[in-house]
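The chains carry the letters A, B and C, assigned in the order they are written, with residues numbered from 1 in each.
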C-alpha cells in the first residue's frame, strides 16, 4: 500500500511543481511582469499598464497572488490572449482536441507496431529481417521527428501528390480527415514505434534467458507460441515504463510534426505564440501539456500494475 | 549396451549418449551414458555438481542449446526422440515426458496466475477451452490436498512460498499424466518440511498414477527414500547402477563408497581432490586421481560399464 | 573449492541467442558470440569513423568550408561549381554554413550532456551512498521532475529569454539527468558494500573522499555511454528547439539551418540541397554517437558481468 501512497504523493508533488512553475515564470523572467503576463507585442499606454497591474494583482503580496492564480485555474481561467483576442482557455480547448486525437492515435499505433516488430526481432535476432528492421529503426530514432515529417511531406505530398499538405480537413467529413491525417499519423507512428521497437527487442532477448521460458518449452509450447503466450507479457513491462517516460517527448515531437504539416493543432498555435510573444498563451499551453503528460503517466502506472502482479500484494 | 532391469516393461532407454558443447574449447559433458527406466519405476541419478546430471535431463527433453552436439539414442516407448523434428518433439513434451526444475519460483511465469499456468498444458495439447481447463486445474489441486483451491487458482507465483510453488509446478507438469517425469534437483533450496511434502507428492505420483520418475539429486537421503534404482555419475559418465538398498549397503565403485562416507551419519569424510575439468579429463579412469585404490592400469586404460548380476560398475577393481 | 570453480570458469560461459535451452553456468558459445561481436564491432568502427569526421568538421571548419559562413552571394541559388550546395535566402553559401554548423550543434550537445551527466552523477552518488531520507528525497525529486515535459518548458523559457546558446545549454543540461542519476545510484548502492569501501570507511576517510576516489572510478564505465547517449538526445532536442527559432541567430546550428530552410521558402521552392544536408548531418552525427554509446554500454556489461549478476 505504501507503494501506491508514494506514487500518489509524487504525482501530487509534480502537479504542485507544475502550477508553481506556471505561476512564478512570468513573475521571475526579465522584463516587466505586466508585459510578461499579457504578451510582448501588445501595444498599451502607460495608463492602461497601471490599470492592468492592479487588475492582475501584481501589487498584492505573493501568496495572495498565488491563491488568486489557483482559484482562477479551478475556474478554468488561464488569462486572455491579447494577440488572438480570446480567452486562453477557449483557444486551448479548441486546438487541444485535435492534437490529442493526433497524438493518441499515433502513439497507440506506434506502440503496437513497434512492440510487435520488436518482439519478433528479439525472438530471432540473427535473421536478416530483424537486423534490417533494427537498423532502420535506429536511424529513425536518431532523426529529429520533424525532419522525417519534412521528407515524407516532400516525397508523398509534393512530388507524388498523394496526400494533401495542409490542415486537418478540406470538408468536415471523416474521409477528408483521414486523408489529411494519414501522412502525419504515419510519420508520428514510425517515430513512436522506433523507440518501442528497440526497447521491446532488448527486453525479449533478456526474457528468453529466463527459466520460465525454458519451462514453457518443456511444457510443449512451440516457437512463437512461447513468445506470445509467455514472453510478451513480461517483456512489455519495460515498454510501458518507457511509454510513460517518453510521452512528454513524443508529445513534443507531435507538435513539430503538426507545424510541418500545417495542422491546426497545438503545434502551430505554439509557434505563432512564440513569434508573437504571446506569453499567456504559451503558459497556458505549457500547463495543459504538462497536465496531459502527468495524466498519461498515471495511466501507464495503472496499466503496469494491472499487468504485473508483483507490484500488488494480496490483502 | 543394454542394462538389465527387473521384469518390467522398459519405458525409456538411453544408449551410448554423448553430449559435447562447442565453445572456446570443446567440452564433453556426457560420454557413453546408458541406462533404462521401466514403467512406473523410479531411477535416481546422483553425483556432484557439474557431473552432467542436468545435461542428461535436458538431452532427453531435447532442451539443449544449439551449440550442443549429441550422439547416441534415446528411445521412449519405441520412438527415437533424438531424431524427431522440433515440432514433433514439442508434442511429446509435457504430454508424454514432463520435467520439473529446481527453482520453482523462477520456472513459473510471474505475470500469469497459477490457475492459468496449470491449465495451459490442457489448452495447448488437448485444445480444451479456457473454462474446462481451469476446472480441471482446480480439481487437480484439490487432489493434491490444497485447502482453499478457489483462492489458490488466482494467486501469482510471487505471492507463494517456494514449497507451494514446487507443488504447483508438479501439478502443472503432471496434469496430462505423462509417462515419465524428470525431476531436476527438486529438493534444492527447500526446507525440511517442504522436502517431506515433496516426497509425499512424488510417492503419490508413483503409486497412484504409475508415473515413471527420473530423479536427479545430490541429496542421498532424499533419493534413498524414493528411488527403486540409483545410478551414480562422475565426470560425465555413469560409474555405478544398482538398486537402492544394495547401493547403500554394499557400494561397489570407490567413488560411491567415498560419497556415502561423506554423509553426516558416516562421519563427513570428504573425498580428497576436485572433480576434473570437463575439457581435459584425466587419462584412463576419470576417477583415478582421487581413488585410494588406484593401480597402474587405472591410469592407462578406460574401464567399461560391467554388469554384475543386477548391478553395473565401471571399475577395474570390481570383480 | 574456489580453485575448482576457477578451473571450470573459462570454458563455461554460455550465452544462448536463439530458442531457450539449457544454460550451463557461463560458457561462451564461440560461433554465435563471435557473430554478435563482429556485428557490434563493425557498427562501432563505423560510428567512430563518422564521429571523427564530424569532430574534424567542428574543430577545423576552415579546412572544409570553401567560404566564410556569413559571406553573401546571390540568394536562392541552385547548386553550381562555386556553390556546391547553393545559397540560402540571404546569400550565404550553404556548404560553409553546414560545416560551421557542426561546431554549434556538437558543442551544445556535448556541453548539455556534460552538465546533465555531472548533475546526475552527483545526485546518484549522494543518494546511493547516504541512502535513507536523502535517498528518498533525491529520488522523489527526480521522479517529480521526470514527469514535467521538457521541450514545452524550454519553449516557454526560450520565448521569455533572449534566444542564445548560453541559455539553451544549461536548460537542456538541467532537464535530462534522471536516467544518469538512477543508474549511478543503483551502482553506488552495489559498490558501497564492497570490501574496499568498507575498509576505507574503517580507516576514517570522509564520505566525499570515498565517493571520489573509491566509488567514482568504478562507475566511469557506465557514465561514459550514458554521456554519449545524453549527447545524442541533447543534439536532437537542440535541433528541435532551433527549428522553432529559439536558438541564436548569430550562431547557426544545423537545426537553425533547417528552420530557415522551411520557413524562408526553401521547402516551397523545392530546394532540397538546403534542407536535406543539415537533416542528414544531424541524423548521422546522432547515430554515430548513439552507436558508440550502445557499443560502450554492451562492452561495459561484459566486464561488469559479475556485478550485474549479483545485482
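Here is the rule we use: a residue touches a chain if its C-beta (ideal position, glycine included) is under 8 Å from a C-beta of that chain, and two chains touch if they have at least 3 such contacts.
All values reported here derive from a predicted model rather than from experimental measurement.
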item: Chains touching both chain B and chain C; value: A
item: Selected interface, A-C versus A-B, where C-beta contact pairs are more numerous; value: A-C
item: Chain whose average C-alpha position is farthest from chain A's own; value: B
item: Approximate Å spacing (C-alpha centroids) for the pair chain A, chain B; value: 54
item: Approximate Å spacing (C-alpha centroids) for the pair chain A, chain C; value: 22
item: Junction residues of chain C - those touching two or more other chains; value: 16, 18-23, 32
item: Touching two or more other chains - residues of chain B; value: 63
item: Per-residue overlap in chain A, given as positions that touch at least 2 other chains; value: 214, 216-217, 223
item: In the complex with chain B, residue positions of chain A that touch it; value: 210-212, 214-223, 225, 229-230, 233-234, 237, 307-310, 313-314
item: Residue numbers on chain C that touch chain A, as the complex places them; value: 16-23, 32, 35, 39, 140, 143-153, 155-161, 232, 236, 239-240, 243-246, 255, 258, 262, 267, 270, 272, 275, 279, 282-283, 286-287, 290-291
item: Chain A to chain C touching residues, read off their complex; value: 6, 9-11, 13-14, 17-18, 21, 25-26, 29-31, 36, 124-126, 131, 138-139, 142-147, 150-151, 153-154, 158, 205, 208-209, 213-214, 216-217, 223, 226, 245, 248-249, 251-253, 255-256, 259-260, 270-271, 273-275, 277, 279, 282-283, 285-286, 289-290, 293-294, 297
item: Chain B residues within the chain A interface of the complex; value: 61, 63, 86-87, 90-95, 98-99, 101, 103, 106-113, 120-121, 124-125, 155-156, 158-159, 172-173
